[in-house]
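These are the structures, in structure tokens.
Same chain, two partners: chain A is paired with chain B first, then with chain C.
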Partner chain A sequence: MAMAGKALAGETPQVLRTAHEIWSPLVLTLELATVTTLLLLVVGTPLAWWLARSHARWKEVVAAVVAMPLVLPPSVLGFYLLLALGPHGPGGIVARLQGARTLAFTFAGLVIGSVIYSLPFVVQPIRNAFEAVGDRHMEAAATLRASPWDAFWRVAVPLARPGFLTGAVLGFAHTVGEFGIVLMIGGNIPGETRTLSVAIYDFVETQRWAEAHLVAGLLVVFAFVVILSTMLIDKRARHL
Partner chain B sequence: MLFAADALSPLVAAEARVAVAANFTEPALRIATLYEAASGHHVKLSFGATGQFYAQIAHGAPFDVLLSADQATPQKAIVEGLAVAGSAFTYATGRLVLFSRDSTLVTGEDTLHTARFAKIAIANPVLAPYGAAAIATLQALGVLDTVRSKIVQGASIAQAYQFVETGNAELGFVALSQVAGSSVGSRWIVPEALHTPIAQDAVLLKSGADNVAAQGFLHFLQQEPARHVIVDFGYGHGR
Partner chain C sequence: MNAVALSVAITGRLGQFALDVGFEVPVRGITALFGPSGSGKTTILRCIAGLQRLNGRIAVEGTPWQDSDAGLFMPPYQRAVGYVFQEASLFPHLSVRDNLLFGVRRAKGQLRPTSGGGVDFDGAVQLLGVGHLLQRSTATLSGGERQRVAVGRALLSNPRILLMDEPLSALDAAAKDEVLPYLQALPARLSLPILYVSHDVTEVQRLADRVVLIESGRVSDSGEISDVFAGRGISARALEMDCSYLVGRVFGYDAGSGLTRFEVDGAELSIEGDHGATGTTRRLRIAARDVSLVIAAPVSTTIENVVTARIVSVADHETARSLVRVCIRLGADGTGALIVTNVGRKRAEALALAHDMHVFAQIAHIEHA
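So, the complex of A and B:
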């Protein structure tokens, strides 16, 4: 692979450079979406469970906070993140532990932004699924002397599987489609914060239509597949 | 009543839609206010990277005037038939400055040689002439390779400044006009010999060819009150 690259470099360096210009953001974007989705499942599951089961009066307040990224413009989140990740915010404190100055312009910074941005897309489907499980199944498990922990893992989670699937797919896809926040806190560093959506933006702005078409077309297909699969998951869940 | 008022007024108030390179934001706001007061016309300003505007104008964005951050873009617009031939002129010559909020960090070009910083902000060199000038400066000083991994890019010079202003980058190459109004931090005004001069041209776009407000604005830009504002913000004279 490396040798082929070297041999070709003399004749068609532009083609290879372009391939790299698309490949590198593509890989980075997939990495970002994967890490974000896994983190969201870890953080979102207990949160969704609590929102589904708790009788606390202020739980809808928490639900509203979780849902806020749905309506806030990315520029608002980007602005606050730029300050929060920076040397004068909490992000700066974390960064200093590693001898850095800021979490902006880093992969970790993008992950933090993406987790906040995509949180409602993961929490909401899982919460809905947990609510659909209902009290009866949990009570039945309890009468069979299952501990709440056992009941959660052996009854609630398997029954809520379509919710997890939908949440994971939406969280992943929404992170792939993230643009405004990445533009504001990323700094456009190749291989580190230059994601697909930013790469497309640059291709368009610099009149590189061919590349823009290629990547944009890819994302259109991706979006269609994602939406279709969530619909199919939904349909199957209703038949169960 | 309306007809009577129109008939009496010497000219009907028109509106000019002006696309302004981000570095010229502050002076453009001042000049537009002066022009509106003097002419009775309205000016609607939009701010962004020059390359960004070109892409938009090429696809029919409704702008009458472009205040570019370079000379190449207005020329290209004329060649492509998007702008009125012969209407381009240099309204300002931009100055690049290395700026930090830290009052001791920037001492001169040695700051770039020692490179004791984690992140340095520049504008996207493909989209923004100030970004291209920053790269040229680093190249001329022979430090581009050592500094490259520390560069973060803003989509425009305004975003590069934002990165420095919020402290996320310790320093950055910005337009002198962005920091001319204050004395905080430390700065090094980059000698013009280190990069191609940032001559900034204005041009009348095709959609504004018959717009009196747009023509008037371009004329006003070359008059004393406007030139005074331009120099005040640290730009060199236009032509």
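So, the complex of A and C:
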């Protein structure tokens, strides 16, 4: 980054400028996906556990709410998020604590949007994995003096590991690929909210086909690696 | 003679019938919770472990684990139980060694000198013959090996009582025969009460010292195994028993004749071969077809074991119309061990076999259970 910054200061060759235009969204996208995935695991794990183990009648209602982003057009979700994150929504109140006016069009806003949008992709595999662990192993752990907390970490989580891997990979990949929500609540601010998918859109708009090709090709390879690795995780889990 | 280790009194609804049981388990030996499938045996065991909650009181060695009146319900992980499930439920992500050790660390701090029946890791490994399996993954174990590891794992969590829920029922006949001797060896090696759920009469006879008979959610009988299986005619009909089990104590081997003399309740028996040092106890099995009854003392007979006994009951055989089932108790006064035999209906009528009659039993063959 430092090198690229120095180069930009003076008269810079086109190649370096292009490299920066791709490098910057790439780093931002990876940052966003990493932070989002970690947050998703923190939020999604207890949620998945509750959905897998609770006998509450309204748990399917909660499950449906969590799954909504699967069918909702991203622009609809983005629209409501824009309102929520904006100066008159709860996001604005939080923003004001830090002296800002709004969470929309910020990296933090993007993270919040991504977490909500990718939640079902993380919760569903982990929930399935927790359900597959079953009561018997948890009961066996309890009779061997493991407290519920202990049994959760030492029995349920290790047994559900394939679910966590699948969930993390899908959450990460889905965040890398999102477009509609980013555009609605993030805009297209270089280094702050311009992710790879938005960058492609931008390259195409300005008819820079070579750059668009490069980024698109990169994402095709990425998608292939993701799908292949989840399939391999599944296969290994079945052999366990 | 035997102090109470566990007392249970619980009530609750169970499907269409009500569960209402009260019983006690003594400090030593195996007590079987015996009864038909669906009679509530497993539910009782789960309540003792705290895995299920019904109303009532459960106390171990005087310490209440549950007392609904006082609002006390100890969660399962605070109860010092060893629990062996029907399927072994070993943790698949841990090796055999780590499965065995799972409860060890967690039970530390609640250790009492007598808990766990006094076995340590090496002791349990040796007792269950799982030393060669320690490094293995649980996925590579046979059914019998899994259950042996599961028993060891339960013992090593330093329980004050060992609960076993039909631990053999998921195994095939060969695996059952492999695991049974290990279970039979437990009472002699452990100072730990064992409560064993089963609906298999042979299993119960081969393992248990005492029986609590559960029918439709109630205790219909309980006591020493021979008493419960003998007395009130439940033996033959309900249990379809075709052999008897008794405990014998060696009191001498005669190298000349090649016979070991055994002392059983109410009689002395001789068995071919050397069956261990004097004082060793063995569980013996006598098939009903190997026992014949004589009214007067047989004078010249080829049968080695002829013992005096009294008839306890004469009843129709459950399947064969030509037979009657006769239960006898050994000893001239008829207070010894219980033995079942089948007698042809015609012969039984000719001899007028009846309750309390004095007879001689010729036992053609006796074997280890």
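To be clear about the criterion, the second predicted complex is superposed on the first by the 228 of 240 C-alpha atoms of A that agree within 3 Å, B and C clash if a C-alpha of one lies under 4 Å from a C-alpha of the other, contacts with A are read in each partner's own complex, and residues count from 1 in each chain.
Following the convention adopted for this analysis, contacts are C-beta pairs under 8 Å (C-beta built on N, C-alpha and C of every residue); 3 or more make two chains touch, one makes a residue touch a chain.
No experiment lies behind these values; they were computed from the predicted model shown.
Following the overlay on chain A, a side-by-side fit with no clash is recorded for the pair chain B and chain C. When the shared chain is aligned, chain B comes close enough to touch A:G187, but chain C does not. Judged by the touch definition given at the top, the superposed model places A:A199 against neither chain B nor chain C.
When the two structures are aligned on the shared chain, A:L39 is found in touch with neither chain B nor chain C.
With both structures placed on the common chain, the touch criterion links A:P148 to chain C but leaves chain B unconnected.
When the shared chain is aligned, no partner comes close enough to touch A:I116: not chain B, not chain C. Judged by the touch definition given at the top, the superposed model places A:A84 against neither chain B nor chain C. With chain A as the corner point and C-alpha centres for all three chains, the angle toward chain B and chain C works out to 150 degrees, nearest 10. With both structures placed on the common chain, the touch criterion links A:A140 to chain C but leaves chain B unconnected. Legend: residue contacts after superposition of the two complexes on their common chain; A:P158 is shown touching chain C, with no touch to chain B.
Closest CA pair between chain B and chain C after superposition: 51 Å apart.
The contact surfaces that chain B and chain C form on chain A in the two complexes do not overlap at any residue. Put simply, chain B touches chain A in their complex at residues 49, 51-52, 55, 58, 118-119, 121, 124, 126-127, 151-155, 159, 162-163, 166-170.
Remark: chain A residues 136-137, 139-148, 150-151, 154-155, 158-159, 161, 240 touch chain C in the complex.
Taken in their complex, chain C has these residues touching chain A: 49-51, 75-79, 81-83, 85, 87, 89, 91-93, 102-103, 106-107, 110, 139, 153-154, 157. If you check the complex, the residues on chain A that touch chain B are 82-83, 85-88, 92, 100-102, 104-105, 183-185, 187-189, 201-202, 204-207.
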